[in-house]
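Here chain A shows up in two complexes: once beside chain B, once beside chain C.
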Partner chain A sequence: MSTVLILNLAWQISTLALVALGLAIVFGQLRIMNMAHGEFVMLGAYAPFITSSLGLSPWLQVPVCLITVGSIALLMERSIIRHLYGRMFDSLLATWGIAILMREGVELFFGRGYQSVSPPVSGTVSILGTDYPAYRIVVICIILLGFTALYWWSKTSKIANKIKAMVGNPDLAQAVGINTARLSSGAFVFGCCCAGIAGLLLAPTIRIEPMMGLDYLIRSFFALVVGGLGSLEGLAIGTGVIAGTQTVLGAIASQTYGYLSVLTLSILFLWLKPNGVRSSSR
Partner chain B sequence: MTVFLEIEDLTGGYGDATVLFDVTCSLESGQILGVLGRNGVGKSTLARLVQGGLMAHSGDVRLKGRSLTKLPAYARRAVGVGYMPQTSMVFDDLSVYDNLNLGQNKKPLDPYFDLFPRLAERLHQKAGTMSGGERKILAFVRSMIEDTRLIVLDEPSEGVQPENISHMARCIKERASDGAGIILCEQNLTLLREVSDSFLGLDTGRIQLRGTADTLKPEDLREFISL
Partner chain C sequence: MASVLLPVSLLLGALLLIPELFGDFVAYQIGLYLIYGIAAQGLGFIWGKTGVLPLGQALFFGVAAYLAASTLKADLPLVLTLAISGLVLCAIGGFAFLLATLIFRGRSESGPYFSLITLALAMIAEQIAGTATSITGGFNGMSGFASLGHLDPFGSYYYVIVGMSVGVSLLLFILNKLPVHLLARAVLDNEPRLQLLGFPTHVIKGAAFAFSALLAALAGGLFASHQGIVTPTSTGFALSAELLILTAVGGRFHVLGPLLGAVIIGWLSAELRDSFPYWELLMAFVFITVVLKAPGGIAEVCEKVLARFMPSASASRQASAIAAPSRTVQAPAKLKFHDVELKIGVVRILNGVSFETPASGVVSIIGPNGAGKTSVLNTITGNLRLTSGRITFGEDVISSRPVYKALNRGIARKLQVPSVFASFSVSENLTIASLAGRVTLADLFRFSTVRWRSSAISKVLNHPKVPLNRLLNEPVAHLSQGHRQFLEYAMTVAAEPALLLLDEPCAGLSPDETALMTELIKQYQETAQRLVIVIEHDMSIVEAISDKVLVLHLGQVLAFDDYSSIRTNPEVQAVYAGGTK
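== the complex of A and B ==
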């Protein structure tokens, strides 16, 4: 396997893991099938344009992304999602409608055409004699660090335990003093912000347009189907299988075969192992 | 002087179905109220209406003069109402240690580990993998160590070995002697008679028996529960 293929594999797996993380929190923990997840990735990708249109410094792209995505997610949770906990199909329909609204809203402000952003880190780095874009290496490192911190936090934090408690037994969680409405709201906004940050980090490497979110939603969903819900280990396995299969088959055959294999894998998992490789006991 | 806990004309149930009708009673701090009755008479409904898992259709629950009726369960916990449910009483996906440390707890655990050593042995085991009796004990200990003023216990002895039930009785009396008011919904007459200062007998959602440990004879209680 060539160095480029290995690095591409690392890039595809890490970026899919970051994109799917938000969906894993919202779908895996809160059982809300957020069809607008890809639109939050898209909103994050537009953050550089929002920043420049407001005449702000490029250094403020991260706060602008978090404020934009976070406030829309909070508004969405307070007005609609809050009433749909425990109603997965209803949440799917409602968020599908919100996704359309968000796409149309972005199209209204920024137009339908493709946009592009220059990476903040330019040039290439040489790895085992292969030149690879420096920005991608930086993003892979950021994602690795982020996931290590998140894994440590999930094993040691009291808030992580409160989320597990709330998901497993919401009535008892309230009885021990957990404000489940506030915690759900926080988890939903955090999940959407993860999607937004993913979009911001991916922005310099992709074509940005209002319809871009759908592909990220589908691939994230496939990763959760394969890996199972409720654990970071499952998320890692799911993204590894989906992004790995697509990248390797895309390289040795074609992108069509890569995508076809991902679809086939997901259908097989839904049929034969609907809880995925690794899911929590729920 | 303000009464510690006042329940006034409390009526409630599940959705439109009313299960409990016009329950009125009171409790002083440091006292234990035994609520007895067969299955399905409204004991758990009363427990959940006091704890906040269910909202009352009408009536009021006041703790030290403050109405709790409109407060959700987490807010009632914040003002000092603890609860041990009859079913789904632990967090299955969390370890025994995490179950015990999730709430705002202040009491030391060691005395409880001395009484219930299985908990200490299984501290890092997931609660969902424990037996029914062990889960009851875990939920009971959690409700005992919490920093609460009123504790609502819903059938804590169900499925627990007799030796551990007597340990439970000791813990309940100790918490009451610390000043907590306790509502004990039970069918186990031995436990009820050992710890309760007063009794409330429920049948078809209404109070049918009321009295103190001094005024009610053991056979009154036995007859009531076997009706």
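== the complex of A and C ==
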């Protein structure tokens, strides 16, 4: 395996892991099947255009991304999602509508065509004899650091248990002093912001268009199918398998084959191992 | 039959008038909306009845359109073209059936997973259609073929579409009168109960999905001839999303709802899309509103308005028919637990349970809360898989098998919290139960099967004290807890199983009702020397009905004996008196 392939693998896995983390919180913990998750990736990717059209410094891209994605997610949670806890199928339908709304809205603002942005870190670095874009290396490192911090934090924090309690029995959770309204919107907004940040990080490396989100939704969903819900280890395995299969097969055959094999894999998992490789809940 | 023929002939009349009144071009446009309407009707069938929502119906639409286009390109004789179309439809239906049964086999609540997989399939199809230029013509599409039978798409082809559309509506109306329709709706209402009644629900869902795929494929085939060109957009995400909106807004619970939605939205969209830039946004808003506030869509609104002008005839009670003989095992057999262990996660629920019941009689299971009583029943029906050990009934090993197989092996079960089909009427509940263990595939497509009444149910209903006979047309949602207990009991004995499992059948019953329930249980057991296992807390009931009593404590058998010996057993007394055992 060439070095480039390995680096590509690391790039694909790390970015997918960030998107899937958001979905793991919203779908795995809050039990909301958010069909608009990919649209938050898309919104995040448009953040550079918002800053440039407002004439702001590129350094403000991150806060602008968080504010746009966060406020839309909060609005969505307070107005619609809040009524859908415990009704997963209805949440799927409602967020499907919201996803269409977000795509059409972005299309009205920015137009239908492809857009691209240049990376904030240009040039390449030489690793083991191959040149690789420096920006990607930086992003991989940032995501790796972020996940390490999250892993450490999740070992000490009680928030995961609180969320589990809230989803399992909202009334009882309230009775023992958990502010369920704040906790659920916090978790939902955090999940969506993961997707938004992932979109912002991906923006310089992809073509940006209103329909781009679906692909991320599906791949991160499949990562959860393979890895199982409820643990960071499962998330890592799932994204590794999905992004790995797609990257390797995409490199030796074609993107279509990569996609097909990912889908076949997911169907096999649903059939033979419906709870995924790792599952702490159930 | 009037309720079927009237709307269908009205539809046919209206559609035939369109070319006369508005000219051929409008008819051409309406033809396209009708084609989408057929696909949407398929989606409405599976979504409205079984609650399963495929998000990628354009996959079948597009694949069929491409295949139709390539067949038409070959310019074969009409008969051959139609034969090929038939084969294609069968293949697509078969594929859809396999896919859905495979996904739903693993577990019953895979709804969202199924939706996402169908969505992904449609997206892949679009990608392949766009990139495999040599086969599909890439983004330019596949064109250069004459329409079916060389009919004019702007003229006589419209009548082919009308014929198909009316035919499909007629078929759907007829399906609504058949028992398959009851089963499809029962999946949405209470899937675990349907499995306990011996129906493989994943197969029902698979069949419903295959049917919806078939209609989508039929629409796709019609589309190719109508448009004269097939592009990757016919098989992708956007069309799938569009079909979903048509179905939801039109009304998924009514046969004509999706068709109505397709024509209304299609027409409005053609009028407004160019002049009103926020059209797509508006549609998304309408969709969200419909999903959250008015799931019945336009069709439900129309129905309510119509009902105001035409008060519906009061539901007439049809005479019931005698159900086919039950095919479940009825020969008495011994139930035997061989060192059964059950662990869920780190929790040990059963720790080596072994016992053997007599082949007939009433066995009561007692024990403190958390002793594993209900889990014992769960392992017998297959709701829980064993960690180790095995369970035999007669000669057969019955442990760790799918739940739906239990009934055919002669095991029926009443759940702790009465589990019936809550959105159905009492008589519909009894009908579904009467099908259990008796119905064959062919019976499901006969009108008379809807009136089946199992003799075991009749026996319960005809008992002078059982309150259900007066309530047959009531929706189950209006029933009291006690009445539901009797309803579920009647449904459980419907197939006349050799082994009856009753989980707290007398919970929530008055003393009179309790006496009645125990009488029914005794009677059922004695008529054919069957085996009945009852979980019960009330010792007077246990004393009254039990031939043997099984005492469970901490997932183990503490004692298994007749009532008087259990009563004097010091260990049992210690457990119940809160001793230090």
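FYI, the second predicted complex is superposed on the first by the 271 of 282 C-alpha atoms of A that agree within 3 Å, B and C clash if a C-alpha of one lies under 4 Å from a C-alpha of the other, contacts with A are read in each partner's own complex, and residues count from 1 in each chain.
What we mean here is this: contacts are C-beta pairs under 8 Å (C-beta built on N, C-alpha and C of every residue); 3 or more make two chains touch, one makes a residue touch a chain.
None of these values were measured; they are calculated from a predicted model.
Asks: Figure out whether A:88 sits in contact with chain B (first) or chain C (second), or with both, or with neither.
Replies: So A:88 only meets chain C here.
Asks: Looking at the overlay, does A:168 come into contact with chain B only (first), chain C only (second), both, or neither?
Replies: In the superposition, A:168 contacts chain B only.
Asks: Based on the superposed arrangement, let me know which partner A:158 touches: chain B (first), chain C (second), both, or neither?
Replies: Only chain B; A:158 stays clear of chain C.
Asks: Could you look at A:80 and tell me whether it touches chain B, chain C, both or neither (first, second, both, neither)?
Replies: A:80: touches chain C, not chain B.
Asks: In the overlay, answer first, second, both or neither for which of chain B and chain C A:179 touches.
Replies: first
Asks: Touch check for A:149: first (chain B), second (chain C), both, or neither?
Replies: Touch status of A:149: no partner.
Asks: Have a look and say if chain B or chain C is in touch with more residues of chain A.
Replies: So, of the two partners, C touches more residues of chain A.
Asks: For A:263, using the defined touch cut-off, is the partner it touches chain B, chain C, both, or neither? Pick first, second, both or neither.
Replies: Second partner only, chain C.
Asks: Do any residues of chain A touch both chain B and chain C, and if so, which are they?
Replies: Chain A residues touching both partners: 282.
Asks: Taking the complex as given, what residues does chain B use to touch chain A?
Replies: 51-53, 72-74, 77-78, 82-83, 85, 88-94, 98, 101-104, 126, 128, 142, 146
Asks: Within the complex, which stretch of chain C touches chain A?
Replies: Interface residues on the chain C side: 51, 53, 55, 99, 102-103, 105-107, 110-113, 115-117, 119-121, 123-124, 127-128, 131, 237, 241, 244-245, 248, 277-278, 280-281, 283-285, 287-288, 291-292, 345.
Asks: Spell out the residues on chain A that touch chain C in their complex, using ranges where they run on.
Replies: 33, 80, 83, 88-90, 92-94, 96-98, 100-101, 104-105, 107-108, 211, 214-215, 218, 221-222, 225, 254-256, 259-260, 263, 266-267, 270-272, 274, 282
Asks: How about chain A: which of its residues touch chain B in the complex?
Replies: Answer in residue numbers: 158, 161-162, 164-165, 167-169, 171-180, 280-282.
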